[in-house]
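We just call them A, B, C, D and E in the order they show up, numbering each chain from 1.
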Amino acid sequence: MRNRFDIRVQPGFATIAMLCFFILYLPIATLVVYAFNSGSSIARWEGFSLQWFAAAWNNTQVIEASIRSVEIATFAAVIATAVATLAAIATTRTEAYRGLTFKYSFINMPLMVPEIVTAVALLILFSRIKVWTGYSGLGYLIIAHTAFCVPFAYLPIRARLENMDLSLERAAADLYATPFKAFRYITLPLLWPGILAGLMLAFVISLDDVVITEFVKSGGQDTLPTYMLGQLRRSITPEMNAISTVFLLLSLAVVTIFFFLSRPNEKTE
Amino acid sequence: MSGAQQAAENARRRDIRNRWLLSAPALLIIGLAGVGPLFIVLVYSFLAPGNYGDVKWEFSTEAWFNVFLQRDIFDNTLSLADAHVSILWRSIKLALATTVLSLILGFPTAYFIASRPASYRQVWLFLITIPFWTNMLIRGFAIQEMIRNEGLVNTVLMKLGVISAPIQMLYTDFAILLGMAYVHLPLMVLPLYASMEKLDFRLVEAGYDLYATRFQVLRRIIIPLVKPGIIAGSILVFIPALSSYVIPRILGGGKNLMIGNLIELQFGQGRNWPLGASLSITLVIIVLAAMLYYVKNAGKTGGGHA
Amino acid sequence: MSSTSKKAAIEIRGVSRLYGAGNAQVTALGGVFLTIQENEFFTLLGPSGCGKTTLLRLIAGFDFPTSGEILLHGEDIAPLPPFKRPVNTVFQSYALFPHMTVAENIAFGLKMLGRPADELRTRVAEMLELVHMTPMRDRQVSQISGGQQQRVALARALAPKPKVLLLDEPLSALDYKLRKEMQIELKRVQAETGITFIFVTHDQEEALTMSDRIAVMSAGSVRQVGSPWEIYDHPAERFVANFIGETNFLEVEVVSIEGTSARVRLRSGKEIPATFPEQTNPNGKVTIVIRPEHAALMEPSADATLSGVVESIVYLGTDTAINVRLDGGSLFTVRQQNSRSGPCGYSEGQTVGIKLSDDVAQILKD
Amino acid sequence: EGELNIYNWGNYTNPELIKKFEETYKVKVTLTDYDSNDTALAKIRQGGHGFDIVVPSASALPIFINEGLLLESRPDQMENFKNVDPQWVDVPFDPGRHYSVPWQWGTTGIAVDKSVYSGDPNTSAIFLDPPPELVGKVNVVPEMSDVMHMVVTYAGGEPCTGDLTVLKKARDLLVAAKPKWISMDYGTVEKYTKGDLAASVDWNGATFRGRLANPNIVYGYPKEGYPIWMDNATILKDAKNVENAKLFLNFIMDPQNAAMISAFARYANGIKGSEAYMPEDMKTAPEVNIPESAKAAGKFNLACAPEVQELYTKIWTEVQK
Amino acid sequence: MSSTSKKAAIEIRGVSRLYGAGNAQVTALGGVFLTIQENEFFTLLGPSGCGKTTLLRLIAGFDFPTSGEILLHGEDIAPLPPFKRPVNTVFQSYALFPHMTVAENIAFGLKMLGRPADELRTRVAEMLELVHMTPMRDRQVSQISGGQQQRVALARALAPKPKVLLLDEPLSALDYKLRKEMQIELKRVQAETGITFIFVTHDQEEALTMSDRIAVMSAGSVRQVGSPWEIYDHPAERFVANFIGETNFLEVEVVSIEGTSARVRLRSGKEIPATFPEQTNPNGKVTIVIRPEHAALMEPSADATLSGVVESIVYLGTDTAINVRLDGGSLFTVRQQNSRSGPCGYSEGQTVGIKLSDDVAQILKD
């Protein structure tokens, strides 16, 4: 076809996008490559080996920290997504009422506060509670993570809700669905892609956190990031690359699953 | 009051009460572990520093005084806290630059994704978020490997004969900028994508129909229409960039402090918690002011939320 | 407003609905009284924004009147939330659940009512049959056409056997041909099920062809209620006359009144008979309305009731509308059915007479 | 029997050592990392942390003691205390070792790539007044107390001095020198081998590892003065597993076990006889074994008075602004 | 298509547009030929999905033909991107820029063409005047009603003085009354500006009243082109007859042909004359089409062309449609204009005769 004029195209955008993806993945690719280094450097290639995967596998501290990271991220992401979903429902598709703007700002507040500030404040607060209650389990980390994950979960869910037609819930009520049933059978299934997006985002944000975790964690509560932070003063070995590689593979798997989970709904948008 | 009116009033009250109940868990968690603790920080900013960190429980405005003013340790003269101000200023500049760079990279990327066929968009989006699964520290080191003197980029450029000696990139502001844009890119792309996906391409068509060239369509139609996304993305990048401290340390060589490092210094080696606290509150205020400014501007163009 | 011998399905008693407050207050409905009989095909007709949807929402329970009450079979339904009202709605946009199949959509209401599985199955099958959608029962709703979606929406609303079915402009999104087909379908279903239909439209033709009775609304109030024939031929006021069909308005003077008929004098001095709305007592200068098809063109002569010059001719397929500039300066449209022998026989600029047969004029209240 | 919670620097504890301890005493050990004395101090002071053992540096240990955070566990009365090298017994930060047991010790000195600069590495001038070859290629560890120690002694003062003239000189030296540095970061092996830097203020162990990868690296002990640091295992006052903690302190005073610590993190440990079990390359490493000529210039890095700390912080901020 | 003496504004030569590939290939347009004259009000009429929008998009340059070419005033416009084509579009959804005021929207095209500020100002004022929107020049487009938005869209497209204006169902979103008003508005603007209008609709009534010529499309091809009168009274094939207006189809046999007229025999044995499309040569069994208004009811008698029983009566306001079940079993609709004296005079179940006057039948190609 001659002179095809595609209105969606902007000159150079595809190139920049490709460049962007290239920039995004080049470091990730080298990171993965050095996971297979036989030497102990993450920057000097000495040959192929799987020793670092083995080392990581045998390093109980790393394995435990990784599992703990995933555990905390899972709890935090699930709780954050759940409360964010409820909050999103409470703050969208309504006439303005007193407290609405407050709620909206308050929920987004954790985005505004520098991490180190929250970290120190939480250290002070939680230490007191730990001393009082004697409980020093993972709960503190989960609550702390949940708090800063909520806005990240909230944003996509809210966006999706706002685009969602209120008339569907009305139709459900019209057809004798109680508010709970309308939520269960109509709102929730339709909100699902937004919830998944929020969950994903919350999960990776939690997975990435160092500073707050470092200050809040109790004995035996290292996560992968705080474990790495501890290594910063010495040398990072390809063991870290090996772990990261495993995490990447894991993410790819999860992403693939999520992708197929959310697909049937995608069509019906 | 008639039965219907009563019913209406009841329904309205019930609705508002339900809305408060529904948002209660989120508000509670954030209040407890996100916003509430800020009051502790606020209180600490008005106390005296403890001898080896922590605070002494005595009222003092010393910390606030020290945020912007300083008494010279040698000649005792009073002057503007040059160090704090310049660190703050540099942080703002770098955060702005990061925002602009990630916008320059993120805008076309988000546009590219949004203009893919619907079934492929999710895949592209996931591709943007996957690097997030690698810890930020590790990503920082991976970038270090890219840009160090004997790193991949310099090696390739030298092999290609583009340059004859390595370019010093690591430990420069460029490195910080690159690294911060790198780690924050998804936060820019996601909200941008969200508003671009909603972009009504019929308006773009209308633009071309009315003799606008590609650039004019971009400038006068697409950009104004996705402005809410631009604002949301900018906020999401600007704020963490402003207070970030891992990336500047790893890639910038830590020679120059950012506000995040400065605060951390006070809570750490500096052992001056009240100063750290007052600096923190200052930072929060700056962030909120920037937010307000943005949001107000967003309101002016009638844009909604992303 | 007469309470006929038939039983009332819905009674609307002095219902108002105001939105907002202070200066920005909008009167969506202002003191509406209506009685809708059982088994009636009742239409709310009016321009955009006149309050039709608001009224349906009040009946369905999605909104509450600011004052007044609504009775369903004699009972005030104010305390009932929407999901307890035996009233179903076919939404303008259908509002089909996109994540369910055709059958699941239809089954939804019964499921919510907790009906047993086998009743559900037979009733869904019945409904699918009723709207001729059995072959598509397992399709996703995104995979069926607009007309089919409309039928699913109808089946879904009918499945729980509501006492009253509310239909909010269900046909406006369909194209012309499909709309005609669905009109017939709806009439058929109403006849077969015997459910009271409250039908909203802004299309006067649709209202005329489908309804047992029509309420013409404007700016939050009901202007006239009556059978299509009453509304069309005996509009009570200018708004109704103008909104329904093409109209010619003429300023005339009342000469005399005898029973239900008056004699009025046209500008030209000719006198013609005219009907007038009940409970009015026209006198002095009034406006009469004459439908274009009730006038005929003729050679200019003393017999002609009116005379003027042809200004434009609009071909309408079945008919031709001939716009005549009357001697008095106003425009008068004559509509004549086309024969197939060719154009209408008149041409622009031609001087013509207009003949009004007896009993074509209606005096308006305003 | 039971558990033991150890709070230690990251990447600093040999897993083999832990495994051996666990197997010997049937104790479940949990290891948690920190990355600075101040983080550790802050967390422990706030309470509720759940740790039994912490390993503060000499500079932080007196604070821990003064703040009453540590248990006076009397390691000096433990069975294996006999193995402690006498020079590490009467240390200024814990005279007579009533609280702490040596973990590892080292020095902070100067690493130089001699292929770039072949002059004398044994001076702080390398980073405070870099020779032309090294300008723009010097790294400085971001450790305030170590660096201030070196600058202050270079300026002619005592560590932790509050003497303003010395401090002013120190500040001016730093401000003048800083533009000639490339970074203030930790020195990792990659940086020595990938040409990111040609000289660095760094710890001896890091330099040692750097040399193993790049033979051109030499370690210098600044003649003007350099800090010696020592990290010490201690038991916390609110420890829950005091007995196991004591077992552990005793355990690591065994030369064979101490050698395992060093073999992992590559610093000396202060336990007599542990050399015998150390890797070959460590026995002779100039980074680990301080030459006689350099011994005099080394001084312990101790906690400075709060007023001095405040001055240090101001100077440190000023330099990094 | 004859090339008349008038100059052609747009020539569509064998244009096809296929979407997709392989099994999923869709022929949106299949070999369309059309010539649209300068200054003509030309309408594309057809059901949803027949390719109307596709054709407009090809002309505007948003899409490209798979084969064939499009000439604008004799020149192939294939190489021109949309922003270089002197063609403007009024989009179905208006596509007004929400971030601009009414005036800014109208000025947009001229601004993009780099016209000087004062020309811009006068032209915008002119356009605002033309569409009666001057008082609203500084409103945001979200603050005006649907009909007003439609007028702004029109003004915006007209401002740069395009040679051809494309209008894609501009009225379909408006309510009935407003649509009628806008139809008149559009005709007026076209007459005043003399610009060629290519108007898309699926509403046959709209097409008949507004157009100089109509192209009836179906499934990607043009079925018939002609004046409203030709299309309505002389449909060439079943699709066209059925799509435009109400129709009665009868199976008949051709008896003889004389010139442009044939005689056909009805089932009842009666013979009537019938016209047939040019270039066809009907013989044997054929279908004829008769418009409901060209038939009249009468008492059953031997004079009646057809006879049957009244099945249903639909009141249409202007007319009444009487559906008669013919003796042969098929349904035949008669449309008669209403007088005001009351209902139509027939009742369901009554036996009636149907009289067809001469020259009411058209033989279809298919």
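As a working rule, a contact is a pair of C-beta atoms (placed from the backbone, for glycine too) under 8 Å apart; a residue touches a chain by one contact, two chains touch by 3 or more.
No experiment lies behind these values; they were computed from the predicted model shown.
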Subject >> Pair with more cross-chain C-beta pairs in contact, given A-E and A-B >> reply: A-B
Original post:
Taking each chain's centre as its mean C-alpha position, how far apart are subunit A and subunit D in Å?
Top reply: 37
Subject >> subunit B and subunit C, separation of their C-alpha mean positions in angstrom >> reply: 57
**OP:** Give, as an integer number of Å, the spacing between the C-alpha centres of subunit D and subunit C.
**Re:** 90
Subject >> Multi-chain contact sites of subunit D, meaning residues that touch two or more partners >> reply: 39, 42, 190, 194
Original post:
Mind pulling the subunit C residues that touch 2 or more other chains?
Top reply: 81
Subject >> Overlap residues in subunit A, where contacts from two or more other chains coincide >> reply: 5, 7, 42-43, 120, 124, 228-229, 232, 236
Subject >> Touching chain combinations (by label order) >> reply: A-B, A-C, A-D, A-E, B-C, B-D, B-E, C-E
Original post:
Along subunit E, where are the residues that touch subunit A in the complex?
Top reply: 61-62, 64, 66, 78-79, 81-82
Subject >> subunit C - residues contacting subunit E, complex >> reply: 47-48, 146, 175-178, 202-205, 208-209, 228-229, 232-233, 243-246, 291-294, 314-319, 335, 337-341, 343, 357, 359-360
Subject >> Touching residues on subunit A, where the partner in the complex is subunit C >> reply: 165, 167-168, 170-179, 181-182, 185-186, 189-190, 264-265, 267-269
**OP:** Please give the residue numbers of subunit C that touch subunit B in the complex, ascending.
**Re:** 63-70, 76, 78-79, 81
**OP:** Would you mind writing out the residues of subunit B in touch with subunit A in their complex?
**Re:** 15-16, 18-23, 25-27, 29-38, 40-41, 44, 104-106, 108-109, 111-113, 115, 118-119, 122-123, 126-139, 141-146, 148, 151-152, 182, 185, 190-191, 194, 198, 201, 204-205, 208, 214, 218, 222, 232, 235-236, 239-240, 242-243, 245-246, 259-260, 263-264, 267, 273, 276-277, 280, 283-284, 287-288, 291, 304-306
